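Have a look at this one before I ask anything.
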Amino acid sequence: MPPTSTTTPPRADVAPAPAAAAPRPRGRRTWFPYLILIPALLLELLIHIVPMVTGFWMSFVELTKFFIRRWTDAPFAGLENYRIAVDVSTPVGQGLLTSFLVTVAFTLLVVSLSWAIGMAAAVALQRTFRGRAVFRTLFLVPYALPMYAAVITWNFMLQRDTGAVNHVLVDQLGILDEAPFWLIGDNAFVSVVVVAIWRMWPFAFLMFMAGLQSIPGELYEASALDGASPWQQWRRITLPQLNAVNSTMLLVMFLWVFNDFNTPYVLFGTAQPAAGDLISFHIYNASFLTWDFGTGSAMSVLLLLFLLAVSLGYLHLTQRKAKRDA
Amino acid sequence: MRETTGEKIFRVVVLSVLSVFVLVPLYVMATTALKPLGDVQSSFSWIPSRVTLAPFVQMWETVPLARYFLNSLIVTCAATLFSVLVAILAAYAVSRWRFRGRGPFMTTVLSTQMFPGVLFLLPLYLIFVNIDTTFGITLVGTRLGLIITYLTFSLPFSVWMLAGYFDGIPRELDDAGKVDGASNMGILLRIILPAARPGIVAVAIYAFMTAWGEVLFASVMTTEDSRTLAVGLRQYATQTNVYWNQILAASLVVSVPVVAGFLLLQKNFVAGLTAGAVK
Amino acid sequence: MRRRTLLSAVPLAAAAGAGLAACGSGGSDAQPDRLTYWASNQGQSLDDDKQILTPVLEKFTEDTGITVDLEVIGWTDLQTRIQTAITSGQGPDVVNIGNTWGVSLQATGGLYELGDAEFETLGGKDRYVEAALETAFAPDTQPASVPLYGLAYGLYYNTEMFEAAGIAPPTTWEEMVAAAKALTDPAAGVWGMSLAAGSYTENVHFAFINAVQNGAQLSTEDGSPDFTNDGVVDGVLRYLDLMQAEKVVNPSNAQFDSGTKSVTSFANGEAAMIINQNNAHATIEANGMTAEQFAAVPFPAPAGAASQCASHLAGINIAVMESTKNLDGALQLIAHLTSSEVQAQLGKPFAALPVLTDGEPTFTEDAEQAEMFLDVYRERAEPLPRVPWEDQFESAVGQAMNEMFATIATGGTVTREDVTTAMQTAQDAIRA
């Protein structure tokens, strides 16, 4: 899993934990927790915090190729980088906006479909039957497969003349007369969505499977006696019982998918089509291809702010809902 | 409880469709790896007309795959090991003490996972270079640099997951240990760790997967000597040709151990995940 | 920034101590008898490059006592690696660069500018083909690199197909299109031409060459981008029309993201012509054609064109990094690699044209072909715009052409107006 797209499932105690669950203070020996936190703190500082602060600073200076070698002397640019990034009347701002919208659509599709597929698979495997373990294992393979191996295989399958996808659609099923392109033009969006779902749904499946195990069987039996249909059971028991899993997982998947860099990077290479121009990849190109790290950093900061806002809003909503339900 | 016909149809349809969805790429990977390059470059066929093991032989020569494999193995294993160790310590602190700064620590750790990698790629590189010029520790282009980077990437999630797991271990056990005169470290080693084994395995798997597939940082921070598989595999597309059959053969070879390991340990992973998320 | 002094001290010290090998504040890697050299991928594989260069570098060690740590870097990684090396002041002593980046990289100040004193070590400026050396610097500055391997485009054609159809090799654009049309037979899976239409670097080269043939320039006198003048727009459209109007290119080519892929389809008999740089010779043969089955002529301009430009001035340059602590050694290495013997030796495996004025081409046995490419390289090739924004030009215009080819391939139409709009957008994206 790419670090660029990893995230932590926020547990309910992201806010100060309720008193009952609060760890008990160990009185005088308060130095001990600090001592054992030191390695984690140092690493976080070195790898995450200091580079982030540097990146934040970079977004306020004119860090083009003319200053990159003496980057500490780069002239202060104020909000100029941000202005360039959001000015939609210029190609740069327009490009960022388009990329943002593509990414929003991509994220909505990938998260919702992965959720649905993962749920369907978990429910289908809820009962014990012969061969259940085989399916369970098989469904986890895409998740375990190294990311580049998976995406490069898809890239091969999506080739126009030599790929398996067109072979099926055109030669075997005859649905289409002419072989479509999957990696350029508008279809590229479909491709990147399908590939991302292929990689993502097993995660949803895994989480749901774990969640389903903790639902007491009696609940189903009781409702079966009441004559509830399987659909009603799912609506009234399964879904509410999976609430906790759901709220965590949706946020995790949202952040992973929104930040996805690897899928477009491996799938499209240097020839990224506009329809598959996801935002992480877009910012990477904006920074490295044009040597404009100031504007690239400004774009990243904007992305970060957006993700923070969405995450906080989401946590706020789910916690309020949890309180209401309680 | 009897299964209705509707349920059965649902089950059969879902499982068959998903099996095909999952299996097709795996099948294409495996069969393409067995085809000669000429066949791979002409139109696709499901069943190889000629089968050859040559790609599995040539792939070691086209690209120094063995070296990349070794690099990946060293970097990933070391990053996993240290990530788990550091995470255990931090999670222990967070789970068992209510110290000043605990809340901010956890919030910060959480938010680091939202950082877009592109934003701190260049700064991190510059910091590594400065560490080299100041302290003489070479982090750029070495496996050490990658290990430190990757272990931190998996740290936040690991700390959260483990803290959740440790929380679930009754505190009465700690107290019993204390009565027996165990130190804080003693309690961690003798009481908490054995009880948290599934959680630790889950964290280890997660850390391993994070490091094993990383592409962006590896492409900038490695040299020929320290290059990992994730970037190394790209080299099958050279100036002369795109060796599709070798790419997929190599992908297959590097996937098998990881997938096998993951599937063997999946039960732990499920258990560990749920401890952090479900409750 | 705490570290400012330390960071800026390194290159300063290196510059001040030019010639004094053991100078520098970092200290740890200031070794007078060691050099790091990043080479680009010129051969069949990275390993192949290493095998070819190793004896050359061993000879250098023998002559000078300097050991060279060689790393061959693939093209996908080279630009990022150079960027980080320049930014951090930590990288190789000597590096290969694509010569089209020459001026862009010079603008970063990361490459050591070579004055008369340095050229004395290299044997003088006039040893190098003048136009090739010009890729290494913006007008009115000193070269920041020197040519290492020369490359030029040629129109490769399948001799058997041409003979069977009784067609002579084309000398004008119109003849090329006519030949391509005659040989295109989609039902048989054969097309007149194959283009790397999904490669932004290839596309940008042809935008440039076709524009120059029309007498146009891509930058104004004062060095600002000018992509929307008639010559450029018509040139771009002419190239796009090979797929769109003339239909002599398989639309699948819109997915070809490297020249390699069109070479493969040429070698497999799926295309009668490709436009490729002369190092395609080796690649075509590696893909199974024999030397008799193909030949090359200069990439033709339309009849009555303003210029007979047949190629941009392609190739690889070699540069000393500003941050080197071993300037003397670095210059000696460049002198060695651009010496007549080594040039002749490397010309064959890397299929390179000689960058020296008195060099003889060794990349092919066929004297006529060699002469043809040499003539294109020396007489009919023009350097890409020698401006700091050349790299942005490559990505902006190149990507625009990728998108336009994609539109055509997926059944859309690209009008002259569309080209103008796309070029305007590309031009606006450049921050000069």
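Just so it is clear, A, B and C label the chains in written order, and each chain counts residues from 1 on its own.
Note that a residue touches a chain if its C-beta (ideal position, glycine included) is under 8 Å from a C-beta of that chain, and two chains touch if they have at least 3 such contacts.
In this text, all values refer to a predicted model and were calculated from it rather than measured experimentally.
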Shared interface partners, meaning chains that touch chain A and chain B: C
Interface ranked first by C-beta contact pairs: A-B
Length of the line joining the C-alpha centres of chain A and chain B, rounded to whole Å: 16
Rounded Å distance between chain A and chain C, as computed from the means of their C-alpha atoms: 38
For chain A, residues contacting two or more additional chains: 71, 161
Residues of chain C whose C-beta touches two or more other chains: 3, 7, 76, 80, 87, 89
Overlap residues in chain B, where contacts from two or more other chains coincide: 41-42, 122, 126, 234
Residue numbers on chain B that touch chain A, as the complex places them: 1, 3-4, 6-7, 10-11, 14-15, 18-19, 21-26, 28-29, 32, 40-46, 85-87, 89-90, 92-99, 102-103, 105-120, 122-124, 126-127, 148-157, 159-160, 164, 167, 171, 184, 206, 209-210, 212-217, 229-230, 233-234, 244, 247-248, 251-252, 254-255, 258-259, 262-263, 266, 269-271, 273-274, 276-279
Interfacial residue positions of chain C with respect to chain A in the complex: 1, 3-4, 7-8, 11, 76, 79-80, 83, 86-87, 89, 104, 107-110, 198-200, 251-252, 254-255, 257, 322, 388, 391-392, 395, 399, 402-403, 405-407, 409-410, 425-426, 428-429, 431
Complex contact set, residues of chain B against chain C: 41-42, 61-64, 122, 125-126, 129-130, 132-134, 136, 140, 219-220, 223-224, 231, 234-235, 237-242
Residue numbers on chain A that touch chain C, as the complex places them: 64-66, 68-73, 90-92, 95, 159-161, 179-181, 183-187, 269-274, 285, 288-292
Footprint of chain B on chain C - complex, ascending: 3, 6-7, 10, 25-26, 28, 41-47, 71-77, 80-81, 84, 87-90, 258, 260-261, 264, 268, 279, 282-283, 286-287
